[in-house]
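Shared chain: subunit A. Partners: subunit B in the first complex, subunit C in the second.
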Partner chain A sequence: MPERIVVPFGPQHPVLPEPIHLDLVLEDEKVVDVIPSIGYIHRGLEQLVQKREFTEYVYVAERICGICSFMHALCYCQGVEHIMGIEVPDRAKYLRTIWSECSRLHSHLLWLGLFADGMGFENLFMRSWQLRESVLDVLEDTTGGRVIQGTCKVGGVRRDIEKGKLDEMHRALDPFEEKCREIGDVFLNDDTVKYRLQGLSVLSKDEAYALGAVGPTARASGVPMDHRETGYAAYGDLGFKPVVETAGDCYARCAVRVKEVYASIDLIRRAIEQIPEGPLDVKVKGTPDGEYFSRVEQPRGEVIHYLRGDGTKHLARARIRTPTLANIPPLVKMLPGAQLADVPVVVLSIDPCISCTER
Partner chain B sequence: MSIFQMTRTVIRNLTGGPATRQYPAVPARTSALTRGHVAFDPSTCRSCGLCSRRCPCVAIRLDKEAKVWEIDRMRCIACGDCVEGCPFGSLTMEQTYLPPVVEQRAAERYTITYVKPEKPAKKPAEEGAGA
Partner chain C sequence: MTVNEEQTTISVALEDLTREVEALHAGGYRLVQIGCTDIGGAYEINYSFDKDYQYRNLRLTVGPDIEVPSISGIYWGAFVYENEMHDLFGIPVTGINIDFKGTFIRTAQKYPFSVTRRGGDPCRNA
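Let's turn to the complex of A and B:
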């Protein structure tokens, strides 16, 4: 029997700038067991909810994650609005949907770049990030911030997108989609990518369900679970269908994200076509009194904000479960059996965002 | 064989120019809405204190007695909430980013001219009615 050794992976490692630490138990070059540990950058953002007014906490909620910032704000706002019984105007819902999908686009393009980098495909990495830059430019033009949008507030949105800008975005979607499909074809059809990813770290449908996988990790294993189907914001009007793959390997997880990029472009196109005129926000009166589990589908999976108010202007409790936390048990299940050289690719395939996991 | 999927893109990249710019020699791309930094005009400030109360990161401090308005650039997250809340237009959001700082400096300090007079003390009878 070969001798077992333990190789520490992280928290500082060359794969991704996220402080995840894994103790890899190896037999020769093969991983047989994994012990994950997190907790390197706890920031105490949940506690802050007791010190900031509930309307101000949106800015803090937005800074939980630097990539899905808009969706954290959206999830928080939807929770508070549900507790207070606020009905958000339709135009605000559509604008929230457009910005959410823009965030998903830039998050997935970022991940595709990192994934290509993890595989050693540097050219593809740079191309993906070049495409991401055009999404960030649109976000900056419409909200004022590249990654921290700051446009969502309790009761609606803070900014409008002018009709001229919406038309310009709509016209830019077709050439953008063409460029995305060029990149996507490489991820989906290139032989070098396929040899590297197919059959690597398979997670079966039952395992994904039992271990509570969320987002693209679950959908790649054939679990058709996407919170956008419930129709929050304007998703109910846009005829959304989740992207599902069945293989459950790294290639399937990559394919889900590539196809979600196309789906996001399609959603933005339909949202721009259908956006109604109307007010952007409603006046917020009173303070939240009650509790609610607010859920939103982020690029990495489903995020949960549990909010409890006690009738004062400070919420009593916020509990945030980010998708990466739910995806760590499936990761521990995926890694045994992989070669040491494949570990970075497998870890990346769940799209870990440790900084938001630790809040 | 499909190992040449990338070839067309590679050739186009070789012939096309660079996609990045030489910041800071070339200024960063901004839009009309870009939140760069908060600028303050002390001459129009009426020291109402709304900005310091609204600030989610406690970056703004107002001292009415010393006639001082301070902003701590290290704390400010440029969310723009103070700009939206200012009733006198003393605060504006500028598009340019400030140069990075490497050490914690004292807050940026401005002297304001007008100080809002204190409210006259309430009569005991009114206090009783309010409670």
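Let's turn to the complex of A and C:
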């Protein structure tokens, strides 16, 4: 029997700018067990809810993550709105959907670049991030912020996108999709990519469900679960079908994200075509008294903001369960059997966001 | 097609927790999260489950030093939430499949959200 050794992976590692630590138990080059550790940068942002008024906490919620920042704000606002019985105007719902899908686009393109980098495919990495830049430019143009948008608020949105700008965005979608399909074709059909990813760290459908996997990690294993199906924001009007793959390997997790890029472009296109005229927000009266588990589908999967108000201007509790925390047990199960050299690619395949996890 | 989401919450006693969780597991529910809330000297622990967007929440209320049994024998992935519960709130959880003994989340101050153990005393997980 080969001698077992423990190799530390992280908390500082070239493929991950954020700190997560894995103790990899190896037999020769093969991983046989994994023990994860987090908590190096825990910020305690949940407790700030007791010091910020419920309308101000949106700014804190948005800063939980630098990638899906808009969706954290959206999830928080939807939770407060549900508790207070606030009906958001339709135009605000469509704008929220457009910005959410822009966030998903730039998050997936960021991930595709990092994943290509993890595979050693530098040119593909640069092409992916080049396309991501154009999404960030749209976000900056329409909200004023590339990373933190600050447009979502309790009761609606702060900014409108004028018709001329929406038309400009619509015209830009076709050439943008064409470029995305060019790099998507490489991710999906290139022999070296397939050779590197297919059959690597398979997570079966039953395992993914039993371990509580969410987002592309779950959908790549055949679990057809996407919270956009519940029709929050404008998804109910636009119609939505989750992207699902069945192989459960690293290639399938990559394929789901590539196809979700196309799906997001289509959603933005239809949202621009169908967006109604009308007000952007409603006046918020009173204070939240009650509780709600607000759920939104982020790029990495389902995020939950449990919010509880006691009738004062400060919420009594905000508990945020981010998708990466839910995807750590599946990661621990999918790593054994992989070679040490494949560990960075497998870890990246769940698209870990430690900033979210260390909220 | 839009799916309607429903959320239900039921209170459970400490001695019934494992049985109720086993019933949900047998019913095909996935574990969504476990989260704690300080309710003025005691803790409310929400065990959340989901099946086809139907959200079921088991609510357990315990005193600050009451040991809570782990459900990681039923839901393997529960260890992340139970270690978090211990490390942030100082709630002793017995029988976690991967028990980090207080080192899963390495905060500068031990048990930062605990009502009685803030600042730290040794890990009491059995």
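Rule of thumb we're sticking to: the second predicted complex is superposed on the first by the 359 of 359 C-alpha atoms of A that agree within 3 Å, B and C clash if a C-alpha of one lies under 4 Å from a C-alpha of the other, contacts with A are read in each partner's own complex, and residues count from 1 in each chain.
We take it that a contact is a pair of C-beta atoms (placed from the backbone, for glycine too) under 8 Å apart; a residue touches a chain by one contact, two chains touch by 3 or more.
Everything numeric here is computed off the predicted structure, so don't read it as measured data.
Trainee: Check whether A:Q274 is in contact with subunit B, with subunit C, with both or with neither, and answer first, second, both or neither.
Mentor: neither
Trainee: Contacts for A:Q198 in the overlay, against subunit B (first) and subunit C (second): which applies, first, second, both or neither?
Mentor: Neither partner.
Trainee: May I ask you to decide whether A:T143 touches subunit B, subunit C, both, or neither, giving the answer as first, second, both or neither?
Mentor: First partner only, subunit B.
Trainee: Applying the document's definition of touch, where does A:T246 land relative to subunit B and subunit C: first, second, both, or neither?
Mentor: neither
Trainee: Where on subunit A is subunit C touching in the complex?
Mentor: Residue list for subunit A touching subunit C: 35, 37-40, 42, 44, 47, 209-212, 227, 229-231, 235-236, 239, 292-293, 295, 302, 304, 306, 308, 316-317, 319, 321, 325-326, 328-330, 333.
Trainee: Would you pull the subunit A residues touching subunit B in the complex into a rising list?
Mentor: It is residues 52, 56-57, 59-60, 63, 123-124, 127, 130, 133, 137, 140-145, 148, 150, 158-159, 182-183, 185-186, 189-192 of subunit A that touch subunit B.
Trainee: Which of the residues in subunit C end up touching subunit A in this complex?
Mentor: Answer in residue numbers: 1-5, 7, 30-33, 35-38, 46, 48, 53, 55, 57, 75-77, 79-81, 84, 87, 98, 100, 103-107, 112-113.
Trainee: Under the touch definition given earlier, write down the residues of subunit B that touch subunit A in their complex.
Mentor: So the residues of subunit B touching subunit A come out as 1-3, 5-6, 8-10, 13, 19, 29-31, 33-35, 54, 56-57, 77, 79-81, 84, 93.
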